[in-house]
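What follows is a pair of complexes built around chain A, which joins chain B in one and chain C in the other.
Presenting the complex of A and B:
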């Protein structure tokens, strides 16, 4: 199978600083590997066995990250900016997947916490189905079989290709590549694409009217002796109907 | 504009709060319910104006009906599309939004009509800020929310054609082992590095038993101390209980993103500046070792 692994397509929310009044300062934060990205490469590698594994990143992130983890061919849409409109991000990805061509499976981080609509949008724009919350996958001829966790159940789903798989990592990466692998990976060529090459624009369908601190900032602080605060807390939780 | 907002639901997660939010555009939203009859009935009582019901064929996941949902949505041409972050719901939202050419944002907590624009307020950066996005054209949003009681009443339920489903088949489904029921629990007691030694977990467990709660922990407790297999947080489990009691937890963004759907958070920490107090509903600045026994006593009274 020809499999595209999408990685490093968002910024790390922890790179942002929230200033007075809720103003967000991103500094010059770059696209970084997301929490799910190492699992993306793992799943993509399994599916691409005997085929081709293509890495695709947005922005000027370091492609060696993926090459050192086993990607055969690396593409980057170097001038793709970080966008709030997930539909535009997905449109850039879809254009790149079409440009790469002949792709059977796109594997992308599930990104439930930050950009949860992107995998579904990407599939919608490609006209393919998508499955999210995927933990692992195997190839079976022209089909893929995925295992995923949905509402406390483990579900095995068989899917035809082409298909988009949103992968949720179960934890930290077990064995990151070493320094030697990273150095060797840097020697591999990366094909740089531009938005113009792909015929897409980074125009967003939303404009930000600004950021603010959440209204309900701060807890109701309970004060007194340990016995007093404990009694006050239990009384408050009972009156909220949560005990 | 009639039926200005559409809600796509594959389960009842945030259903009422999404319908309530969508009604801000002036009309009771239409709910597309992809699931069993129970879901369609819950949608009918959610405050929706109408329910369009797709009943999946046995063994076919909801995601397979992306083309049918996209066709229904594009035929109606709503200004606003909402869905929860449930895996199937946001996948169908993507299919519909792509077909509609809608801009898409996430973390939506409220919607307003703003002149001829739609303004969507989104919780960003793990709840640290609220960003307002304005859209002149159609906009889709993955929502955050809460499980509100249904207002009652009953909207009409109309069955929709399943169209040509995508080639997706459920081959097997069985309950996941482990997790300790954390993601399903109504109450959770979480602890962080404020618990000094492993033996003190017994105190946490005793409190959890008294509250009929599950026990969870932060990433360092699981990854560094190895006291538990799983943790609550962005890269761990996301939980949505009615009550989360945070013991000795600082409240890093990693952790607070995993509890953003919790209804009531009560936090006990010795550090008055701990970020957990910004997310908490109730805060106690004290030594948890002094307060927890008193909570146990108060629960018995």
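Presenting the complex of A and C:
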């Protein structure tokens, strides 16, 4: 199978600061690996066995990250900006997948908090079926069988290709690549695509009117002996409805 | 051999060394612990940048620098007064002599220059130990992986565990170390220029002693960036421990001081961090070379705190230049023994960095003088008050005013003279 693994297509929300007035300041933040991305590569690698594993990243995402984890061919849409608009992000990805051509499966992180709609939109734009919350997958001829977590249960589903799989990682990456693997990965060429090559525009369909931080109450300092502080803490937690 | 040279640490010292060696055509890898270059590196923020012009001609025009420092302010801060010397001189900007910088921007730029020159920069890997064979250092170990080179450059900052493991230095005594706590406060560009009397890309640098550290050895700094202010304190560790003070509380005390706070009013906290500073001066510089190994920058103890300026970035760059040039020679001769590596030390001693370390050798001892942080601020304020507080009583001549203030301070004329002389000698 020819499998595309999408990785490093968003920035780390922890790198952002919300400035007064609601402007989000990204500083020098780059496209980073999402929490699910290592699992994306794992799933894609299993499916691509005997076939071809293609890595695809956006913006300044570092391709060596995926190459060191086993990607055979690396593509990057280098001039894709980081967008709040999930539909445009998905459209850029869909155009790149079509450009790569002959793809059976696209695997992408389920990044729930940040961009929950992107995997579904991507499938929609490609006109392919989509399965989300995938934990693991295996290939069986032209079919893929996935295990996914649905309301606490493990469900096994088979689907024909082409298909988009949204992967949710079960935990941290067990063994990140070492320095040598990373050094070798750096030497592999990356094919750079531009938005113009793909014939897509990065116009946002949405305008951000600003982001507000949640209202924070000032911190309270409890003073006194340890026993008094503990009692005051319990009382405060009770009155705030925490206990 | 995997590489000609391995550089550990992508701070200023490491990037400058790597850039020069790569530019000279050698194969270089820079291994950096941080997930991204520069993300966690911290300086107060004034870089005396003439040395950078040697490496990157026209540095201030091409690098991401904040402002060109044309105004230096030296202040004695008391609980309710501030006495300062304000030196504003447009000539300081032509040619540019000092710039304010933010490391989160500068370090990635330096690493990019090194990469463009052909070096491989590898963030996200911590070097755990050094490899050696027959008395010569031969490489590094990170996780399960080993990497070999003709020369290893330790540019891993003030804590340099690697230099300690290599037997080049021992644990520093507390009095050689200070801790710095710093905030970056965002303000509109125009507000900064109005408040500090600056135009265009001009910048101001404040060095302040006294109440900002509650009398502990050290001081406060305040540097203007384009759209933010870097402010913080640097306090000697032994004094912090001895006086039972907390560095973050001293930082807050300085930032909230009634004489300082108006400069920051309306600002937004953008960054907050702390880091160790080398304070030992020349006494802290140790063995810097072994066969196949040199130590540069903070790892080599190259920091100068003269009370007026904290300098480390320019010395880091100068040591990087000296190391790269010596290693270039060694690679051409194919000789990496002690004598070849000592070529670095000789070059460093000959550079302004080595000479300045020698010139200011007495500065740390002078700065240990508690009177500097406790007594001179109030003395100056009282003398000036004697002049300006026209309370209706007839004015006295300067000598009696001074004598009265001196008496109140409990300092005595001989002690004053001795401190003055020590200051002149140290600086």
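Here, the second predicted complex is superposed on the first by the 209 of 243 C-alpha atoms of A that agree within 3 Å, B and C clash if a C-alpha of one lies under 4 Å from a C-alpha of the other, contacts with A are read in each partner's own complex, and residues count from 1 in each chain.
The rule is simple: contacts are C-beta pairs under 8 Å (C-beta built on N, C-alpha and C of every residue); 3 or more make two chains touch, one makes a residue touch a chain.
Just so you know, these numbers come straight off a predicted model, no measurement behind them.
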| item | value |
| --- | --- |
| Which of chain B and chain C A:154 touches, first, second, both or neither | first |
| Partner chain in contact with A:30 - chain B first, chain C second, else both or neither | second |
| Superposed model, chain A: greater residue contact from chain B or chain C | B |
| Contacts of A:178 with chain B and chain C, given as first, second, both or neither | second |
| Contacts of A:20 with chain B and chain C, given as first, second, both or neither | second |
| Touching residues (chain side chain B, partner chain A) in the complex | 11, 61, 63-64, 66, 70, 85-88, 90-99, 101-106, 119-120, 123-140, 142, 166-176, 179, 181, 183-184, 187, 211, 223, 234-236, 238, 242-243, 253-254, 257, 263-267, 277-287, 290-291, 293-295, 297-299, 301 |
| Residue ranges of chain A touching chain B (in the complex, touch as defined) | 13-14, 16, 18, 22, 24, 35, 84-88, 90, 110, 112-125, 128-133, 145, 148-160, 166, 169, 171-172, 204-215, 217-223, 226-227, 229-231, 233-237, 240-243 |
| Sites on chain C touched by chain A in the complex | 29, 31, 36, 104-105, 108, 120, 122, 124-125, 142-145, 147, 186, 268, 270 |
| Sites on chain A touched by chain C in the complex | 17, 19-20, 25, 27-28, 30, 178-180, 182-183, 186 |
